[in-house]
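As structure tokens, here come the structures.
Common to both upcoming complexes is chain A, partnered first by chain B, then by chain C.
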Partner chain A sequence: MQKFVDLHKRNLLSGLLILVFVWSLFSVNWGPDLFHSGGKHTILQMVKSFFQPDLSPEILQLAVTSAWRTLAYAVTGMTLAILLAVVLGVLASGILYNGKQRIWVKSSLRGLLGFMRAIHELVWAWLFVAAVGLSPFAAIFAIAIPYGGILGRIFADMLNDVKPEPIQALQSNGASRLQLLCYGYFPLAAADMISYTMYRFECAIRSSAIMSFVGLGGLGYQIHLSLDDLKYHEVWTFIFFLIGLVILVDLWSRFLRKRLVS
Partner chain B sequence: MSPTPVFELKNISKYYGEVSSLSSLSFRIDRGEVVALIGPSGAGKTTLLNILSAMLPPDDGTFFIDGKPVSSLTSRRQRARKLGIIRQQFDLVGPLPVVHNVLAGRLGEWSLFKSLLSYLFLQDKELAMHALHRVGLKDKIYEKTAHLSGGEQQRVALARLLVQKPEVILADEPVSSLDPARAEDIIGMLVRLVKEENQTLIASLHSVDLARKYFTRIIALRDGQIFFDLPVDQVTSQQLSDLYKIMEMKEDAEVC
Partner chain C sequence: MNAQVEHETKTTRRRPGFIAFSFLLAVTLIAASWIYILFVEEASLFALFSEKNLEHTREFLFSMMGIGVEEPAFFSKESWMNALRLTYETLVMSILAIGFSVIGMVLTVIPASANYADGTLMLAKKWYSRLVYGVIRILYVFSRAVPELIWAMLIIFIFKPGILPGAVALALHNFGILGKLCAEVIEDLDMRPIRSLASSGAGKTQILIYGIIPMVMPKFITYILYRWEVIIRTTIVVGFVGAGGLGQQFKLSMSWFHYTEVTLLLISYFILVVLSDFISEMLRKAVQ
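Let's look at the complex of A and B:
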């Protein structure tokens, strides 16, 4: 009986949401002003340039150095983020503590992790550029802090979700809490942790590219400059390099995951 | 005067809310005994083993290990030397190679540094090799534990107990997830190793046949009380069928 009521409520909610969506369509002004009149031409131009990216040596060289810089920011930022996440994640999972202490440490660290990731990397980038200027450190910290927050939170959850039986067995073997961490929690959660970190690394590369819009060199900065000059051919060259980077990381992570699972 | 028993329980009770899971159990277990704990599901076998392993405090009664209260086992090392526990096969760390699961039996003796070092250079390797040899898994030493079959995993758990060398082994349904042939193989091996090491064993079992074949004493629990506690040769078939008999009247009463 209880279940029927719940299901019924869910259907009611879905119906309500669909109605709201349909209603929202009426507030759109379906006139000729919906699209910018020159937009069609611009889009055509962009599509055309997609098939003719600028492959001149200067642009290619610029793309390679920018891609390298983007990758470097992402790798350094992620390295720092992983260090932060492992330390804060382990503490935030509460597996090293007992009793009253545990709740206090756990909630305050989860709060800290929440703060770190509540602010988008682009905003962190602005803050750091304002503070330390256009230096690579601004980019690295801007990635390390929010990504450390995200990874730390996920690591803490993964450590909390580890199966309890092996942990209890290790406890009866006389393992201390730190030994439990090295012989139980980490080995049991490692595959998930690494696989998620690789996914986040992919995101970090995109973030690193976007962040450079604020003036910290890299692919995003070049895309920004070329767009301003309406040089769509160049824009596509840089975008292809960005896609290439992401695909490379994806291949690497797939290779790693395969080795971990088997 | 008889020597100090390993376990001495006097009027041990445990309640879950209003329901009593164990009511007023009293018995003693001497060094070197091989005891099977049998009884229908929900009779309180696991609760009793958890109390014996000092993981669960009883609500009532007194409980001594080696003539001392449980609270005297303060350090993790002391406790690991006294009590070893084996449960169903799910208590190994699957992603680690077999050897590290076996050497986990040494964690109580090792410092953190030594246990980390063991990931790079195996510590006490001969001990692990010897234990794996005794359970017949010497060739699987570097295999990933999760790749082993259920029976092999329980043998790894036995090897871990050999390395831990506790005085008493508590086994909670150690073979409930194995087929009968493998179950018998594991129980036979467990009892043999316990006798070779002069340890004391208390194992809860579903299989009455295994209990009669390998154990010297049977404690039968029913509804949280001792139904009988006898040397294995005095247990009759009538007692066993009474132990598992479903009380129709009582079940009906509970439903209403």
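Let's look at the complex of A and C:
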């Protein structure tokens, strides 16, 4: 009987979600007004240049340097994010202290982590650029804050999910809390933490590419410039470089994850 | 037996190798990137904290908080109404986006799973299923490797500004992610119920409806809701290039230096994100 009710709840929910989507369709003004007058022609041009990306040496060189810059912003941003996440994550997991203040510290830090990741990295970047001007640090901080928030929360969860037996064994041998952290929690959670960080690193590359939107260099910046000049051939070259970069990182993290988990 | 032992020692010998290599690669990357940022781009952290910059930052923060500003936007009812309307628009955009990407995912996910391609899922194999599998997987990789904002930049050339181009751009990116996640769900399916259905004479459609769909449904809904949360966060970004909603207004207010309006928009955005996280978590609990 319980199973029957559950099944229906699920179907009911799916039906509800579909209804919400159908209702959202009505808020679009469907009609010929939706497209630009030259829209069809533009699609054709874009598709055509997809098969003939601009492979001239200057563009390739530009693409390589921009790809490196995008990678460098992502890596530096992630370094800071990992530092932030380890510190805040350990504190937010509440394994370093107990007693009354524990719940208070835990929930306020989790709130802080939630706030950091609630705001999209590009919004952070824009605010930084408006506040401190164009500097690579605007991009680095803009990546570090939301990624630090996500990683921090996940790290805290992973540390809390560590199997209790090894920790108790250490505890009964008189290990201090800091020793518990270094010899108990970290080694046990390391594989999960690293694989999640690698997954996020792939996302950070994409984020770093769009940082260019607020004026910071990289692949996205070149895509933006080429689009403004309507040079679709170049646009695709840069997009292919971005895809290549993402795939490389994806492959790396996939191999590493396999090795770590098995 | 002997072969197995040999295999095990081989893998244990190879395992630290790759991990050590990854570690070295990571250290090199981190060092090279920081050197590049600090010495080639000559970004100086101290320059950020110069007198002039601090003054500028303080001014910016004060004007965001509405200090010294006549009629800050968050005290005017009109601005609030406008922000609420934009929030609603953003919400609709996110629902359209997730809807489109789910439609795309549902249409492609079964041929995109490896166990369908090699014929173990439906217990039937066609000569072209390997090919279709490859093509769809390449499509997934392609669509998810390109960030939403870049899709939006391309699409805005085709559609007129509004919530539809934003929704399409978000859908294109999330189509690849949802497709990959959901294909993995199908690949990890427990095959026994399907085999038992097939052995009692169920046809292909019956296997699909009574075997596969009920098993994958909860996971699919979980992933869809999780991606919807991410989409809500990203709607503001596609708005920057003219795809409507809070993002478009954010960009306009930023370029007109109406910083109190920016604050108001950020508050609405934050409320929307928190609310959608809450709703999605509630629904996900209901599914499980």
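Note that the second predicted complex is superposed on the first by the 225 of 262 C-alpha atoms of A that agree within 3 Å, B and C clash if a C-alpha of one lies under 4 Å from a C-alpha of the other, contacts with A are read in each partner's own complex, and residues count from 1 in each chain.
Rule of thumb we're sticking to: contacts are C-beta pairs under 8 Å (C-beta built on N, C-alpha and C of every residue); 3 or more make two chains touch, one makes a residue touch a chain.
This is a predicted model, so every value here is computed, not measured.
Of the two partners chain B and chain C, more residues of chain A are touched by C.
Look at A:Val75: by the touch rule set out above, it reaches chain C but stays clear of chain B.
Look at A:Pro166: by the touch rule set out above, it reaches chain B but stays clear of chain C.
When the shared chain is aligned, chain C comes close enough to touch A:His224, but chain B does not. Contacts of A:Gln52 after superposition: neither chain B nor chain C is touched.
When the two complexes are overlaid on their common chain A, residue A:Gly174 makes contact with chain B while staying clear of chain C.
When the shared chain is aligned, chain C comes close enough to touch A:Leu13, but chain B does not. Residue contacts after overlaying the shared chain place A:Ser108 against neither chain B nor chain C.
Touch criterion met: A:Phe213 reaches chain C, while chain B stays clear of it. Remark: chain C residues 11, 15, 18-19, 22, 25, 29-30, 32-34, 36-37, 41, 43, 45, 47-48, 53, 56-57, 60-61, 89, 92, 95-96, 98-99, 102, 141-142, 145-147, 149-150, 153-154, 157-160, 162-164, 214, 217-218, 221, 224, 233-234, 236-237, 240-241, 250, 254, 266, 269-270, 273-274, 283, 286-287 touch chain A in the complex.
Across the complex, chain C is touched by residues 7, 9-10, 13-14, 17, 20-21, 24-25, 27-29, 33-36, 39, 42-43, 46, 68-69, 71-73, 75-76, 79, 114-115, 118-120, 122-123, 126, 130-133, 135-137, 140, 206-207, 209-210, 213, 220, 223-224, 227, 235, 239, 242-243, 246-247, 252, 255-256, 259-260, 262 of chain A.
Every residue of chain B that touches chain A in the complex is listed here, in rising order: 53, 55, 76-77, 79-81, 83-85, 87-88, 90-96, 100, 104-110, 112, 115-116, 119, 157, 160, 164. By the touch rule above, chain A contacts chain B in their complex via residues 163, 165-166, 168-176, 178-179, 182-184, 187-188, 190-191.
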